[in-house]
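As written, the chains take the letters A, B, C and D, and residue 1 is the first residue of each chain.
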């Protein structure tokens, strides 16, 4: 089988390799000529035999939207575009609509797995029509972990459902991480507990809280048993915010996600304006012990 | 009428003055001989004609408990002790039980009003039997604001209910302050809003959010329009913690109080261990944009 | 002075009356001919002498946007439109831009005060240029409470700042209400506290938590001392969601608002899917008491 | 080696079996004569050769405290008691102090693993002196999963540290479960997502959120793809409350745990008093759209 792959960074490059290992032909395009198989998008499209499948693996937002627009001018009826990047799900329907004008199909696919994906396979969450998803199944099968298809792949729903599912996956991740983090802080704060690293390690087998994130936490504590020298400053890459925004839209209470997200916001403030206000209010009491 | 008053600090001293202004006799005792009317607790008790009423206005915790223990050895059947300090409500029943062994009554009374209480009257919340509360009503009437009794006084329930009601009052206060504080931070963060102080001031009349705390916020912003130089560092005096502990005990969800209390905890941390843990976890991903 | 006023519902009708009482001429237009002074928007504009001021007081969203579009076709250079409705602030700049194409000015104005505004005046929060706000100051002075201008009026910033400030006002209101509500629930849950209504009433004078909302709470408890028969079901009108969305956008932690908003979401669920999931997870343990 | 084991319920019975399989002698005592090896605690103690080790595996609280008191009267210098139940950590030091009066040692041990522990081994978290923990290491080695000792066992610190670590483990579990639950609710609420069960299943391999709890969630959704018929009603067994109480005591912000715990409280309310209060307040506005 044959496909095109746009974007050959860490993710895209490894994915090309994994699909090739599965015995398929992948023609890759990247702005960086050193890794690109072709000189231009146009050349990529010309080299693919119709009906073509082109996988887009470029940064989310305008770069992805621009690539889709360009593809809309190059591809022809019966072709298929897959956006495998971290796009916000609200980009998907407009992309699909644009491509549909010339009879080109569209599937959005959230991809999880990172640097270990090359060897272990990638977790895949797709959105689109049955027909379009089916057409690309040989690619999904090449990319996902070996074993039962449904343990590493889902056709979650309509266009957008793939990126949406990946977004929620990341929103859950915020809460999981903060749950472990709170437990870490409490154990550290307790005088009678002297081996916090050991406690986390002892949880890795047989307990209810065992997980891949716990394994990572143990690794982090192996390197720095008290996380010494690590700053609290933590960025957020957007999926947590998007998830919470959609929760608000759909009237779904997500207090755990909100708490985890707000804690990241707070970690980046040197002097919380909210707490300045509280401090100022208490000052106005004239000393609250006097005042009330 | 005649009463004894133990503890003549800022609160106790002003209360003695206000009760005297109402035409009653107050014999005050304080460890500081410069403000005390008598030399010892024993002398205080001797000078009071039975049945005696003794108001305790000393620091909460062991000082109050010790005073009650001492009074239990001095007072006699038919006397009455009122604890007007900031005691935790769990101290009240033991105090009442101890005094009841010799037939001495007990009322707990949460007092609000601070430095303005002398002129404006104190908000009073009492717990105890009808008989005991009734016996001291002339004191409550002298202390509370003028006007209808029920706008500044409540007999909230059994022994402990007075301090409990005052504790919840303070718990609510945490939430109110933080609600204003969050609004302040958001207005400050918004580029199109240029007069945050003016916005708060414009709310002081006619709006839904007007309150005494809002007035204090306006005053604070008058002094420092951007709260410049004010540290986020904010202590807590215990009532917020007690309130949340009891909410846990009674299975009452109090997310607003919890958020306000946790924000205070956070304001005192230079480097949040929780967020260090989150940052460390993200580091283990090998750069999360790579990893997932 | 003379002005036009579009929308003569409860709010608009009362505002027309209050401005007239201040000695000004108000020509009102409403789709309901029984309250309208003119038959059409066009007639309204024709009756006003340039430079005209037209105040829009119609439902937020498409009705307001449509009215502004229509006005853009009728008004001429030097005229001024004021949107006094509950529009989302993101509508303001597009409205202003549209009107600016023909030299018409724009001011957004959040209005607080409701049914009591007619007698007591309205709290006003404006956004726009100094020139435009100044031009309409005689209207603001007629509408706001008597007394110092800055206690009921603010020119908060650029176009949009008026509605933004009103939005934050409402966001704060969510938190304030929930803080009192939590205190109410805890007092109700505590066996030793028997007079919850009395406790709230006793707080109305002299205490730190006194406010207009507290007065309303006392009134509600006077009618139903245990809120008997009142459903927990609570809607939300949008401003709380908008406020939280902007907090996410600006990375401002607002845990109190989030808690209050999520509690409203939850109040409308008969069976929380989240808690179904937790219950199901616990069931999978095989009975958690067995499992861990 | 030889030991006594008190309490032969599901946990205790399986533990006896696992230790015996490791080649040791276990004399078990239970009030139920059908499972007990001896007729009384006294007979148990008599049959053990000094220095004795007695493992207590009875319900937490008074049953455990009573058993320890009885053992204090039966055991002699050099013996050792291990409390492997779900005791609150605050029980441990008093237990240790009592036993120390007659020279008997004490170790507290949190045990995780439930019904699968017999085959897979139990996760163990211990508190006590090095000497006492060392003395019982052969039992811990028999009970814990095979493999490296530190992946299923920790000597976490002083007396109480074992139960404390287990308590925090359970507190973390609350947050983890609620994070998944929120994600489930959001996916269910989103119209474009049609295969929520499939999404969770696809996460089980290769993703960041994979865990044992996720596996359980997939199992629950396999049985009931929309959790149909499952009530939101969820109890809590105490460890979550204890964890939050200690967080308050130590000024550790734990918003995720608090959110998860409050959601359980809320799941058991038919009509939230807090939300009744909010609804009543809004009613007092006279219809909030009118009022503000």
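Quick notes
Definition applied: a contact is a pair of C-beta atoms (placed from the backbone, for glycine too) under 8 Å apart; a residue touches a chain by one contact, two chains touch by 3 or more.
Bear in mind that the values here come from a model prediction, so they are computed numbers and not experimental data.
When the partners of chain B are compared with those of chain D, the chains appearing in both lists are A, C. Using mean Cα coordinates as chain centres, the one most removed from chain D is C. Counting C-beta pairs in contact across A-B and across B-C shows that the higher total falls to B-C. Chain C has its Cα centroid 33 Å from the Cα centroid of chain B. Our note on geometry: chain A versus chain B, Cα centroid distance of 48 Å, whole angstroms. In chain D, 112-113, 170, 173, 178, 180, 182, 185, 189, 207-208, 213, 251-255, 258-260, 262-263, 266, 272, 274, 285, 291-292 are the positions where the chain touches two or more neighbouring chains simultaneously.
Those residues of chain C that touch chain D in the shared complex are 10-11, 86, 112-115, 170, 173, 177-178, 180-182, 184-185, 188-189, 213, 216-217, 219-221, 224, 227, 230-234, 237, 255, 260, 263-264, 266-267, 271-286, 288-292.
On the side of chain C, the complex with chain A involves touching residues 207-208, 241, 244-245, 248-249, 251-255, 258-259, 261-263, 265-266, 268, 272, 274, 285, 291-292. Across the complex, chain B meets chain C through its residues 89, 112-113, 116-117, 120-125, 127, 144-145, 147, 150-161, 164-165, 168-176, 178-180, 182-183, 185-187, 189-190, 192-196, 198-199, 201-214, 243, 246-247, 250-260, 262-263.
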